[in-house]
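Structures given as structure tokens follow.
Both complexes shown next keep subunit A, but they swap its partner, so subunit B is in the first and subunit C is in the second.
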Partner chain A sequence: MLFRYLFILLILLPVKSFALIEVDITRGNLSPLPVAVSPLSIDEDSRNSFKKILKKENIGSEISAIVENNLKQSGLFNPLNKDAFLQKPDIANLKPRFEDWNLIKAQALITGKVTFVDEKLRVEFRLWDVLAGKEMMALAFTTVPSNWRRVGHIISDKVYERLTGENGYFDTRIIYVSEEGPKTNRIKKLAIMDQDGFNNKYLTLGNELVLTPRFSPTNQMVTYLSYFKNLPRVYLLDIETGMQEVVGDFPGMTFAPRFSPDGKKIIMSFAENGNSDIYTMDLENRIVERITNHPSIDTSPSFSPDGKQITFNSDRSKYQQIYIMDSNGKNVKRISFGNGLYGTPVWSPRGDLIAFTKLHKGKFYIGVMRTDGTGERLLTENFYQEAPSWSPNGRVLIFYRETKTNSKGEGFSAKLWSIDLTGYNEKMVTTETDASDPSWSSLLSN
Partner chain B sequence: MNLSKILKNSLLILVASLVLTACATQKKTGQLQGDVYTGSDSVEYLASGVPDRVFFATNETVLTTASRETIRKQATWLRKNSGINVVLEGHADERGTREYNLALGERRANSAKDYLMTYGISSDRISVLSYGKERPVDSGSNPLAWSKNRRSVTVKAN
Partner chain C sequence: MNRNIVISFGLHTLLVIITAMSLPFLAKKPIDLPPIVSVELIQIAEKTNIPFAPKAKKIIEEVKEKEKRLVSEQAPPKKIKKQKPDAIPLPDEKIEKIKKIEDKKQNPEKIETEVKQVSEFEKKELFDTNNIAALIDKSKVESAEINKKTDKISQDQDKNIDFGGLSLSEEDALKAQIFGCWSIPLGLPYNENLLVRIKLQLKPDGSIMKSEILDHARMNKPGQGFYKVLAESALRAIKLCQPLRVPSTGYERWKELQLNFDARDMLEG
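== the complex of A and B ==
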């Protein structure tokens, strides 16, 4: 139910490609693009039908509010105040009066229409270049009404893609660990929510300690560490059915799991007699392979997006550093050489960068470096933060941070934060409870 | 003879004053030797005179002299109580990444296990469980709290 596929009928009105407005996302965007998100227009009958089904007064406005929020949160766009809009939504969608939109300094305009057709929600929307006075994109799709939030996210992704030339990341979910209670006896549950914090659901009850959930690239499965019966083991969970199973038959603790990019293997650490090494298990034939064999601690493995290499954390040079190796364990190479300790390496979905946590002089940093270790950039510094996870387009990192709740350094609160790859647009992600260990899904509508 | 007595006495005084200064500095830094916890806060006892836990330096997994003494006491007690099995619970402080700390906790508990085994305790009687930094005893964020949290605790399993 949760992951019912969204059937998108892309009725492609001809898309004209001009060299129109573009947003450069490779730099910290200090002047976000002013955009007007006109409420989606809706006829009286449709409005009443959706009101009955979804308990929302005006679903057109609700969907456009999602788009507006997504674009704003990205830091690349500046959605303008609706009070200044001169043109009515239905008229604007037919033929915008560009002078009016120009007057309020909008450079891009999003218009659209929602209708109730055969018990379904049909949305069409258009993206306009206000200065050029041209339509940039027009799309329509139909889905079950309960998918209305996803409709908002998909529109946001399409707009983002058209204006930045990169894939979007709005129609995605975050799996994380919800935390409650005192630090000495934290209750932790798996939780999942939309990328904007809505549709939050708890997946475990908190009876046992759970850590480090990670999404499969196929989105149906999650791998995580559970202390079920006080035996810390890597588990596989189908979020659609709730079925779960232990991964492999190891005589000791398995931890630090992640999927391979094709979703067919799980890579993780297995600890035995004080030594942690990296293993993979094939989920189809259940074959377990040992990837590293070294008396040091080898953990936090993460595949490159082509599956050919693995980055991991090892203390073979005495302290935690980041290494890369071929996926068969050959050609091990240390890549982190800066001051301090380095952990939690995660390969970017674009392949060119590795995100990490760095500990130096009592501070924790989230940073990125190239896969050969050059070009280290620290994005954010704090008392305690770790575990970055990439947005599927490799533009944004989500991580978690613990802060003290009073000036004496007592009490603490754990929250999810996101930051742009450029180091700009750092934001707290709102969650119902304290939260840690976030993992970003790939795009659901791919 | 007299001279050597005087020397001995002054040496004793010197030693005593050194010990006193050491005590004073230890108190100042809050029961730490280096950054290993040497106090008895949070320590429980498996039996009279048999402490249940040992402490570690930051990022370290080797046992200190004091830790080895504690584990020898545990071994003696376990030899006398041959029906009792134990779980060694390894922990780390919060100043590390979660996954690395799970491995570190496992390694600390295994340091304790290895030492118990060299004193004749069969590995069948010992299991190991790492909590990484998930179960601190002291929720503070200061060197003293961290030192109490870097530990391996011997817990009766039956």
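== the complex of A and C ==
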């Protein structure tokens, strides 16, 4: 009987239960993530071998410097000062003392090792989560020694991808028009360089005027416009082989040929009977198809990444504005309604935004808007700037900016600039000469 | 015979003693659980210092109207419950939606019955909301009375107040701390579900004893690579922030905590 009572007592004993408290965290900071990029360790033999081949004192430090620079330029990372590092690179690569890295407020750590194996460069690298005390990624690359800069870019891409959740854009190139000489008599050459400004090469001699080079989104092909005997001519250039071919001669003013997302067509505008409309050309059979047919001036077409839509600018509503339409020219819809003139719309590779140039009250702006025209954001303002081109991950825009000349016509310059979608990370891209009309390639390692 | 009586008397005495010693809380139960002691009262008292009575009618009317709209709009009531206040459509949209729903219905009689059901539900709601002020007053009186009667009961009531979660200032302090520690990965696709729920077990000083990602299975799902990145960033934030700014008292209340990290607002903005 007593046990029964005790049993009832136990059952009835009041047990306190607490509802689980939930707290919603809907904000965070957008300040750059502190990252420690430890120099890649290298043994003495490998160091000497690379010194002979590449004329670099310590290739490990050089590669880590590329990674550090890329991450810093992205604006999303804050590489920490190497003087504060407490662990040597060779030991850090084997087993980092996380307390030491935590002490200098690093949240991620990059370590690695470079070796000379069978006349090749072998780079191992590891990405560590300092706070969790665990390895996040470990990869090794082997390539010819002369490719060492690309290895640095590929490592940067892998780190960027692992820590941000989107593809990187460091192992890419930029094609642009190199400009030299006085403003009235510019020599324009086609040039190409790595996205960080290194490995600059000229692709044309400057005998002919070249304009608007554009990379194919799928491979290393470029289309551009050049004038031959005062007639606009569209060219295709294979960067890998150097092979070049003429796509066609077009009448009147021809503008800005650009590839379709699958690389099989080019889309451009040219004037026929004084009326500028948009056309596509199939690169296999060279059949030209008219997309718009309107008495107004339609120019600067750009495909959406799925190829189903096209954005372009037109003055059909009296002033130049941005429009979108289906790829067959139907369902034309105006999307820009702000004050000023809108031009050079370019669809983001992510598909969510359209970048544009805006002219309002004598100033030029580079901005972005959603594909339905909402959410217009002006990222940068200047005296003259235009021709935005997206990085392959849709995070950064590159464009060119011209400076004012003085009363004597001096002081003119044209430079490439980049800006990310936050609008805060604006940087000049160093080029050997003046530069305009940049176009960003897709990832080389794809 | 006498022996049996003695045994019976002894056992009954024991029974009475055990009952008296072990089940006193049963006697208090009706006092402990008056139907009137509502969570709403506690939350209002905790969350605002605005004197309730003068503005009560206005607020009640507003709530009443909102409830009306919500109730009449909703087909599945659960959806409404899940909606955040800022996700509630504008009144005009609601009216349009209601009209659309009514138009779509083929059988007008059914609509009537639905409306009736809704209105009955509303009535209940209205009854409750209309009487909030009265209930509050009543409960105030009652709680005052209870306070007078025994100290024990008033302590219990205080504990009940603790069960309501963190106060606004406590929650704000914790949020502000984690906001500063959370570096949001900027490359996440904002049209995806970007909610990471992490359950924490905390030590009394606010440091982390254990952390667990509640949707862990999503980490390794194909096409959800971004979720892993997001979850890791949230875990980093927690580790970076510890010890968390938790209240100095009431450990039992917050020793387990769930943090819902949602990056969508930041990335869309």
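One rule holds in what follows: the second predicted complex is superposed on the first by the 403 of 446 C-alpha atoms of A that agree within 3 Å, B and C clash if a C-alpha of one lies under 4 Å from a C-alpha of the other, contacts with A are read in each partner's own complex, and residues count from 1 in each chain.
The criterion applied here is as follows: a contact is a pair of C-beta atoms (placed from the backbone, for glycine too) under 8 Å apart; a residue touches a chain by one contact, two chains touch by 3 or more.
Quick caveat, the model's predicted, so the values are computed rather than measured.
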item: Partner chain(s) touched by A:K183 [first = subunit B, second = subunit C, both, neither]; value: first
item: First (subunit B), second (subunit C), both or neither touched by A:G307; value: neither
item: Partner chain in contact with A:S269 - subunit B first, subunit C second, else both or neither; value: first
item: Which of subunit B and subunit C A:D129 touches, first, second, both or neither; value: second
item: Which of subunit B and subunit C A:T212 touches, first, second, both or neither; value: first
item: Contact residues of subunit A, present in both the subunit B and the subunit C interface; value: none
item: Contacting residues of subunit B [partner subunit A, same complex]; value: 59, 61, 94-100, 102-104, 106-107, 109-111, 114, 128-131, 134-142
item: Of all residues in subunit C, those that touch subunit A in their complex; value: 11, 14-15, 18, 22-23, 25-26, 159, 163, 165-166, 171, 174-175, 178-189, 191, 199, 225-226, 229-230, 232-237, 239-240, 252-254, 256-263, 265-266
item: For the subunit A and subunit C complex, residues of the former touching the latter; value: 1-2, 5, 9, 12, 14, 16, 18-31, 33, 76, 107, 129, 131-132, 136, 160, 162-167, 352, 393, 395, 422
item: Subunit A residues touching subunit B - in the complex, by the definition given at the top; value: 182-186, 209, 211-212, 225, 230, 232, 252-253, 255-256, 269, 271, 273-276, 297, 299-300, 313, 315, 319-320, 341, 343-344, 357, 359, 362, 383-384, 386-387, 402, 404, 409-410, 412, 437
